[in-house]
């Protein structure tokens, strides 16, 4: 099957920032993204878990598949949001079918 | 005095408090007892809906007077004022940074709706009536403290606050505020007959669900305490015990000033003494990302909340009773 | 006429409707108020279970007659027929593609169980009895409309439907149909004494849980309306308001024909007038992936559901009362 | 004999059993009916909390005697002993490996709290009283069986068990044990007046929630049976039907020995006859990772649980009644 | 530690299609897969969120680790299901231990 | 934007082992990890789903971003836990910003 080079950007960010991040991604011309729930984790700011929590606490993982040439503008948009916030951004090489979608 | 002791003992051995203690102990002992996030959120939606409806119905029943407007304004003033006091105390008593102190102060200006609910349960059990619109006052006190904290930061320049119009809409339209105010409006509109239709849902199981909810809060508080041992101690810990007393005193003065009933005054003391852990934490994460969320949350949920639940509520009621007569 | 106006006003100011409105307004105002998916699903499981048991018990109590079989067949016929009318109207009134029109038509042939529940609450409050097996009729009306829509597509060749035996098992064994029919059977078997054991769970809190559920539906409907502004307007919007009236008229005729009571006729009107948003959307995603799900869902949940809830139910009841006497 | 038949029939046609059957049938028919994980966990938290409180209140009401200590020890002895019998039987009757046999045996030494709850519902419905502290006995019987199984493994050398101090803390502080014991303590402390405050939550809807919970257990059991067809048959299947009878006989003897009431003896039989599917599965996954979890779970939940629910409970009650008089 | 080349296939697909997709994967000889919940997302067909939804709405993410040589048959099987449906397929290089499992 | 090489380790493991795994990771000097919920899956030990389950059943996915030079010690720590348990470990190349965090 014909595959096309793409980038898989995974942004783990505080749930309260999700709306701002996805708005920024869309402004940067991203055509789609997927939000995965996160149950818990640990980092420099300690351990946390979603169990029993109320309110928009915790983190989410936003996964975004994009064409390589759009990576830079996506990262800039994402970083404007993530910069001062707790969060992790990673970028991996991947391949997608139906490249016209991205 | 003896009556107060009895009340305090009664309160300490109520299913509500014991449920919280069970959760706290279980978490500190590292049990894996836990509520799914969805269940905890579901219970909090239920409690907000039920307490809102009850408040609205009480207003519908007793008629409405100028008092509501005055009480709302008084509540908002308290919420806006308390962060300044809290901030000053934190800067003196602790080594918290400007940003952290402002964030903590915002939590104490705002209110904890579960503490309010627990206090109104105690009043109900004692047969003490209170103004139904106190629920609306609670809702009104959620947000002004945030404004004060942001203003403090912008003055002290302690690491740019990230405000903006978006943030304001978010805070005012925070789910818990909207649900509380909306349910209050529904209760007001449908009145006692409307409430009668759904009483078996919003009144009968209320206290039991509150127990389970406090069990969960105990678990979360215990986990928080366990994980942040070390960060909350000394001056910070003392703040978590002194600030509610100062808040309650301010609430008492304002309650007397605007002529609230014994029950209403007690609730205003409780609101002033309590610290937010829903609306404010979210707003602070957005507006003051540099503030360490663990400090505020552990202090509000692990120190001040249990203090108010066990000692605070009976104490505030006793003081209010001593002044206002029962 | 005046009585109807009063009923409509009563209905509009009931906690049920107001809860829906609160959700709708909160979502349109972009509040972050939201129910966890698990809580929403839990409430829908409760409602299906409770309504099923109640229906079965009613049948067990009143004895059984040929009427049940006739009513089931009549309901299935309505469900199968309505999509043809809906499809024709959509092709005339709107620019929807064949696939989209068929998908929307399937939703309107099938039924909305919450609308049914809300209508039976109104009947209960008015003291109007209805045939307990109407719950079974509701279940029977869920699926035939899907068959009609797939047949329409295969005839019009509007973009191959992806049917197959698998799909049929899935539709017939859809969780909501199985739960409704199963609970109906349980109610029938255990009868009034069996129900008495669990009445404090399935009857007492029912209306309150329905309020919270409608609050959630308001939130979902509001979010849908906000996101698909533009897609649902003009002819499509008009369809969402006219189609329920046509459905209700057909339901009325069939109800009279088969000799249902006033309550039963009203419920058959409500079922015919309502549009599915559980079973059919899932089936359409599998069978007609080319259809845009946002159109059907926004129309069913954002237009027709509130229309039925506020205006439809009292209107259908008034018309049925005018014809059948009260 | 006839009375027993009637009781069995009554039991079989109770909403509780029928709800389980509905779930089982729906899952076997591959319906997509399913409860969200959070809802299932929420219901189990509710049931544990309610049954714990009720037990504690019963003890508070009836006063306390040496019997409690004796019963706890007797229960723990039963829990520790049964795995040896089970293990021997499995090695004879089946081809299960040493590890798998030990894991299954641990499940049968421990207890199923839902079976206990269902049995106490039957007793309540029959007006048969039982010792409130049986809830504490249930909690005490959860863990010893695990110890026995690990000891068996270490003796037989059947593939190193992964024990250690951590594991022990985990088992003793398992969420369900902590909640049950904690709620029992709360009930004991608050007594009947404390319970009265939350009765509308922990007593009134109890049976209805139990129905929904059993519906879910039926779904999970049915899914398990469907997926592991083939693994549970022949000797393994027979074990799942015979072992509860042996357990119940042991429970009967011990109950008579320590002088429990009719109700208490029946419950001790039920506890001994039932197999765990919460605490033990988790412990076995940690300690005996080489054991196939599907075997134990399908046997406990798909075979022994329905057996006890339908035939076991009325049978054990009939036998106890025949011996102890009613 | 000895690692072996493998492919990580991530298929984001409508929840109603999950059963069909996993059946197809198993038919294509896949030895295992993991299904992750998805909270929300956005694409050409707009934004969506799982909050408050009833019914089998929304999407799921199916992650499948396979040996490189099996990729083609997996993709064909997956595409037969995904093709006409809303969904995204991406393939990344990865390494696994215990290759005999895949 | 300046990116740094890193490894993305994804460990799918039984929920009961989560605590032991994350403790081992932290002992091995990992600075952070994220736990994602898993809805269901299939493998050599059959199919499973989280729906309707009580107890700490099912699996979780632990995602860990680390510097390449730390991979070996992480894998050893993780394998000591995972080894005898049901579970899958995969390692992909990725890039992160703010490398000082990992």
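As written, the chain order gives the labels A, B, C, D, E and F, with residue 1 at the start of each chain.
Keep in mind that, in the parts below, contacts are C-beta pairs under 8 Å (C-beta built on N, C-alpha and C of every residue); 3 or more make two chains touch, one makes a residue touch a chain.
Values in this document were obtained by computation on a predicted structure and should not be read as measured data.
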Chains touching both subunit B and subunit E: A, C
Labels of chains that are neighbours to subunit A and to subunit E: F
From subunit F, the most remote chain by mean C-alpha position: C
Furthest chain, CA centroid comparison against subunit D: A
Same-site or different-site touching of subunit B by its copy subunit D, using the half cut: different
Mean-CA-position distance for subunit D and subunit C (Å): 41
Length of the line joining the C-alpha centres of subunit A and subunit B, rounded to whole Å: 34
Subunit A and subunit F: spacing of chain centres that average the CA atoms, whole Å: 18
Residues of subunit A whose C-beta touches two or more other chains: 36-37, 56, 92-93
Subunit D: positions in contact with at least two other chains: 32, 34-39, 41-42, 176, 204-205
Interchain contacts, given as pairs of chains that touch: A-B, A-E, A-F, B-C, B-D, C-D, C-E, D-F, E-F
In the complex, subunit A residues that touch subunit F: 10, 12, 36-44, 59, 61, 72, 75-76, 79, 88-93
Footprint of subunit B on subunit D - complex, ascending: 36-39, 41-42, 45-46, 49, 53, 169-170, 173-176, 178-179, 182-183, 185-186, 189-190, 194-195, 197-202, 204-205
Subunit B-touching residues of subunit A, taken from the complex the two chains share: 14, 16-17, 20, 45-58, 84-86
Residues of subunit C defined as touching subunit B within the complex: 13-15, 18-19, 22, 25-26, 29-39, 42, 125, 204-209, 211-212, 215
Subunit A-touching residues of subunit F, taken from the complex the two chains share: 1, 3, 6, 8, 22, 26, 31-37, 60, 65, 92-97, 101
